[in-house]
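The following blocks contain the structures, represented as structure tokens.
Two complexes, one shared chain (chain A), two partners (chain B, chain C).
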Partner chain A sequence: MTRVQSWRNGRYIAGNYLFVLPFLAFFLVFTAIPIVQAVVMSLYNWAILAKTHPFVGLDNYVRLLDDQIWWQALRNTTWFAFLSAGAITIFSLFVSLQIRKPGRGRNVYRFLFYVPVVLSVAAMGIVVGWAFNTQFGLVNALLAPLGLQPINWLGEKELVIPTLALATLWWGFGGPMLIYLAGLQSIPRQVYEASEIDGAGRWQTTWRITLPLMRTSIFFVLVTQLIAHIQVFGQSYLITGGGPGRESYTSIYYLYQTAWRYYHMGYGSAIAVSLAVFILVVTLIQFWWNRRQAAVEY
Partner chain B sequence: MKKVLALLLSGLVAVLGLSAQADATKPIVLQAGSANAKTKLVFWNGLTGSDGVTLDGIVKKFTDRNPDISVRVEKMVWNTYFDKLLTSLASGSGAPDVFLLHEFEIPQFASQGVLYESSEFFKPKGELDKADYEPEYIKALNWEGKTYGVPLDRHGWGVIVNKDLFKKAGLDPAKAPKNAQEFIDLATKLTIDKNGKHPDQAGFDDKNVVQWGTFASWPKPNFLSTLWQYGGNWTDGKGKATLDTPEAHKALQFWVDLIYKYRVSPKPAGFDGWQSLANQKLAIIPEGCWIYNFLVDSKLNFGVWEYPQFGDKKAAVWTSGHVMYMPATESGDNLVAAKKLITYLSQNTATWATAGMPPANLKVRAALKASEVPVAVTYGASFKRQGQFDTGNVAITEIIDKGYGPELDSALNGLKTVDQALKDANKAVQDILNRN
Partner chain C sequence: MTQPLHSRILTHAVLILVALACILPLLVSLKISLEPSPYAFQAPTWVWHEPSLDHYVEVIQRQDLMLPNWFFNSLFVSSAIVVFQLLVVSLAAYAFARLTFPGRNLLFLVLVFTMMVPAQVTMIPVYTTIRDFKLLDNYLGLILPALANVFGLFLIRQFFLGIPRDFEEAAMIDGAGRWRTWLVIMLPQVKAGLITLAILTFLGTWNDLFWPLIVMNKLEMRTLTVGLTVLNGSYGTERALVMAGAFFAIVPALILYGIFQKHIMQGNILAGLGGR
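== the complex of A and B ==
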């Protein structure tokens, strides 16, 4: 009689844990311990090169509450994340709906739309910097024949964040597009056949069948995009330097400068922890809102 | 279809190539000298442009003369460089044997005890003579009574002009303005809208300017130079911020007026000064001497001026310097070899001037010819006559980048009034000074 393997069996459990050990080791070293370390450092006046690090309790957090640069950076970040995540969530869904069905050139379009995703943020920054240059940029050159004056895309207070969001949309919509395409493929064909028999048109099918059944994917894209874009850094750092003034200065940029340019690791950690709490609150609000909507089953 | 695919693949290769090229975190490496050399040095710097290539050439000459020493030169963009340098100095391992900083950064690093004290490079212990450098430069190397680093160059701010545009306007590019009013008059004559009108003429269309007279470029050196000329500074040197003063108002107002009152300069945000100069759309640009290689590469017919006198109290222009350092932990054979390298580089900077950088060593600077290195010669003479180093502070980077830099930018881009920008700058700088 062979002995049945059970999760209660110690050797069986140990064997399974061996499989997750590599991930666990990396997770502990590069994620869990740094998170705990950041929380601890935020309670100290921790200058990176200094020999001693005085304990200051919650002083860094109290200082942050009165720090106008932090609040401006957070406002800019929220506005950017709202625009980018919103635009990517909607636009990538629109594109995936257009290219989901087999047809001539479908793979070419998928390829074209996905290519910008492979660019590093540095390369994207160079391309966008060139494209939106006021004097010599491609975008203004294309607008000139329409009789439009050169637009100072990256130099005007009102335009700089929307321009960075537009660039991010071009750079980043390919990833969510793939998620949507996978989600669209998982919708049972029978549902569409039934709606066709019932006489539903294309518009009705999209609104009443596709979008409700894609809700999980849409919610996933929205949540992950918002989390990603609240952590925006490269666009502001490489394309505008946070300017004009501080109009495109973002929270992570402030964190980076505080910790690595000014060497205040303690205060930088307080910024990091506060931003993490902000992201958590935004995400919880999204989950709360999502739960309030009726679930769709098929 | 095949053509389309080929085009797409070419595009993909191009963007991937760009992606790889744009990876700013990877250093550009030069291995100078034999891999079997007895002593192996590592030299980090942030000179990723053609100036870095010039410095590589000097390092190669050093290893040719000293076959027992090899030097691995690693060049990174300045921000990446500072990240890596900071972590290597903080961890106490992996730090380079030799690295570059600016003189104004000495207090930041020296106050933490991570720099090697350098008085032994100078006579009587060493080969170098302090008399070969400007006294204010030697003074700028001091922190709490000790000397840190050995100067490589004295770079800084001056003015480059587009001679062709001057000639087209019937003006003499060799005749530099003597004061603020002459500068404004010149810039007015050189600013032209699409109808050929100048800013002082009725109907001038400032929305359609085809050629700008000048450009309020990098705010820090322009503002500091002008502020010093008016007799002010950003601090009294005793822990008090002094940016909300009449001198600071006059200095910033001058640059803001060039944009909004005299309409001879565009708003800085979104304006590419270097490309505009090269494309015959800008006549006068206040700029650093590091523009020299760009001027040569773009084949511009350019002239060089010493920084003009805008203020009414004294002559002054912002200068800085690349200074060579070793970590405080440097020891043994590497210490001996690093000292040799630093001494050699400091004595052989004539080639360095071909990158536009005036050598720090006055004897080397005096031997340069204006016909060969016009920027290094004119700027160098200007620095000797009126050059001023910024006031050192343990939090200088924070004071500039967080304290007053963005406020100057806000005023120049019309986001804040001069009064508001300077009040905010003063408060921010005072907060930083109080905390440090």
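== the complex of A and C ==
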């Protein structure tokens, strides 16, 4: 009773606000307002050292439409994100299906598969970048006994993005593996008992029972992985420097150089906002596609 | 379902290969860091050549690098962010879970919405703000923007929601106010959530590259990850040295992983993004 009464008391409510106030202050200054600011800044010619920042309307976006580097970076980024997210979504699903049975073996594998995930992109770049070195790298050394000539993984135009995606698969498949394992655990045993009674083989059970039941998890992993890898920066910054030429130059790398090498904050904001819109569109397309597929199946 | 023996052997063979692939690049790098420099520029072998900690000593002592500073910076910033973020987040999470105030639902919607905006959008405005506050090359430039962690808020709120109301009512009947209830009754109950958030935040900050790369430009103010990019970029010919430097970042992360494996994995599932 007393609590209900005191809720009506203005001082009590003010006290409740105090709990959220610190969070709210930091949230406003460093998240909410900057989102609006980013859009606003993209409408200005905002060089950081200039005295004035003239309003230019949509000029930055118009310029972007004509900017070859932007389009090449976006192409590279999309190709990279598609390969990385695709490979991670499928490979981590495969692995989780192999180790789904609880037991000591599963825990050991799970522990080892997750080790690369805890590395920073800087450490990962140093370790894996060297593993793909043409002359002295681990990968070519392992391939040599198979009679393969040394491959210039990071120096070939067509190879560099797939190689970075492979490095990212190494670095990142442990995370989605855990999500799949959690999903697999929630499938009731009875479903499998029923399919066994019906005489379904292992292969059939996986394709007809497990994968359809895992549909939501798979979709979730694919969407979040694509969002994550469109934002790739460290791999190309550290391992290739965007090279050879601009073959592994990515959108965030371009944002980084525009804003923090040339200090064109307005144009940089236009890049950031455009990339966010791109991510949103890619995500919406996936949701639309997923719903259509679901409608077809059921 | 029982698997026939030959298929079980095949499965394990594949899994062992994958496990080797996960670990081998790290072991090769470790080996390079322990051997005299010239051996880095040979194809890797199983043979150990005069292993020593020379490169580790050198990378610490080199005056043109400031690795001890970088290490301290990373440690200090990560710890500070954990402490203050936990405080800020657990206060707000409690309010969102249990207290009423006008605008609560609207605010909650705004938070959900901003979670969908990629972090890169806010970086330029946050940078100009930090610059206006004169916080470039300052620890606060890394700490302050990291405190209002929306994911953390949702996580801890969820833990608060799981506590039966009786606890608080009992506390309030005993005359405890909101603040004491939060501190003495509620916080201990969400300890598991707080530890998970602490570990995720620490590792996330320890491993972060983009933001410290922008904010910390002075050599002595760099974090370890940023220092490593310098080391990797400018000391390519001293591969063993670079590898030794990398292990100063890798080993603490692995130790944390070893100790808090359960929390990290649980947090990964809750965060959903697989850590990235």
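A few points about this structure:
Assume the second predicted complex is superposed on the first by the 263 of 298 C-alpha atoms of A that agree within 3 Å, B and C clash if a C-alpha of one lies under 4 Å from a C-alpha of the other, contacts with A are read in each partner's own complex, and residues count from 1 in each chain.
In the analysis below, a contact is a pair of C-beta atoms (placed from the backbone, for glycine too) under 8 Å apart; a residue touches a chain by one contact, two chains touch by 3 or more.
The structure presented is a predicted model; accordingly, all values stated were derived computationally and were not measured.
When both complexes are overlaid on chain A, chain B and chain C end up clashing with each other. Once the two complexes are laid over each other on the shared chain, residue contacts for A:23 go to chain C alone; chain B is not touched.
In the superposed model, A:123 makes contact with both chain B and chain C.
Within the superposed three-chain model, A:111 lies in touch with chain B and with chain C [touch as defined at top]. By the touch criterion defined above, A:155 lies against chain B but remains apart from chain C after alignment on the C-alpha atoms of chain A.
By the touch criterion defined above, A:257 lies against chain B but remains apart from chain C after alignment on the C-alpha atoms of chain A.
By the touch criterion defined above, A:243 lies against chain B but remains apart from chain C after alignment on the C-alpha atoms of chain A. More residues of chain A are touched by C (comparison of chain B with chain C). Once the two complexes are overlaid on the shared chain, A:175 sits against chain C while remaining clear of chain B. When both complexes are overlaid on chain A, the residue A:50 reaches chain B alone and has no touch with chain C. In the superposition on chain A, A:203 makes contact with neither chain B nor chain C. Between chain C and chain B, the overlap after aligning on chain A sits in one stretch of 8-16, 44-52, 62-70 or 98-106, namely 62-70.
According to the touch criterion, the shared surface of chain A, contacted by chain B in one complex and chain C in the other, consists of residues 48, 111-112, 115-116, 118-120, 122-123, 125-127, 135-136, 260.
For chain A in complex with chain C, the residues that touch the partner chain are 3, 7, 13, 15-17, 19-20, 22-24, 26-27, 29-35, 37-38, 41, 48, 88, 95, 98-99, 105, 109-123, 125-131, 135-138, 140-141, 144, 170, 172, 174-176, 178-179, 182, 192, 196, 202, 205, 220-221, 224-225, 227-228, 231, 233-234, 237-238, 241, 252, 255-256, 259-260, 265, 268-269, 272-273, 275-276, 279-280.
Those residues of chain B lying in contact with chain A across their complex are 4-5, 8, 11-12, 15-16, 18-19, 21-24, 82-83, 86, 89-90, 108-109, 112-114, 207-208, 267-272, 275-276, 279, 281, 395, 397-398, 401-402, 406-407, 409-410, 413, 415-416. Chain contact summary for the complex, chain C toward chain A: residues 1, 3, 11-12, 14-15, 18-19, 21-26, 28-29, 32, 40-44, 87-89, 91-92, 94-96, 99-102, 107, 110-111, 114, 116-129, 131, 144-145, 147-148, 150, 153, 172, 178, 182, 203, 206-210, 213-214, 224-226, 228-229, 232-233, 239, 242-243, 246, 249-250, 253-254, 256-257, 261, 264-265, 268-269, 272-276. Interface of chain A with chain B (complex): residues 47-51, 69, 108, 111-112, 115-116, 118-120, 122-123, 125-127, 133-136, 149, 152-157, 242-247, 249, 257, 260-263.
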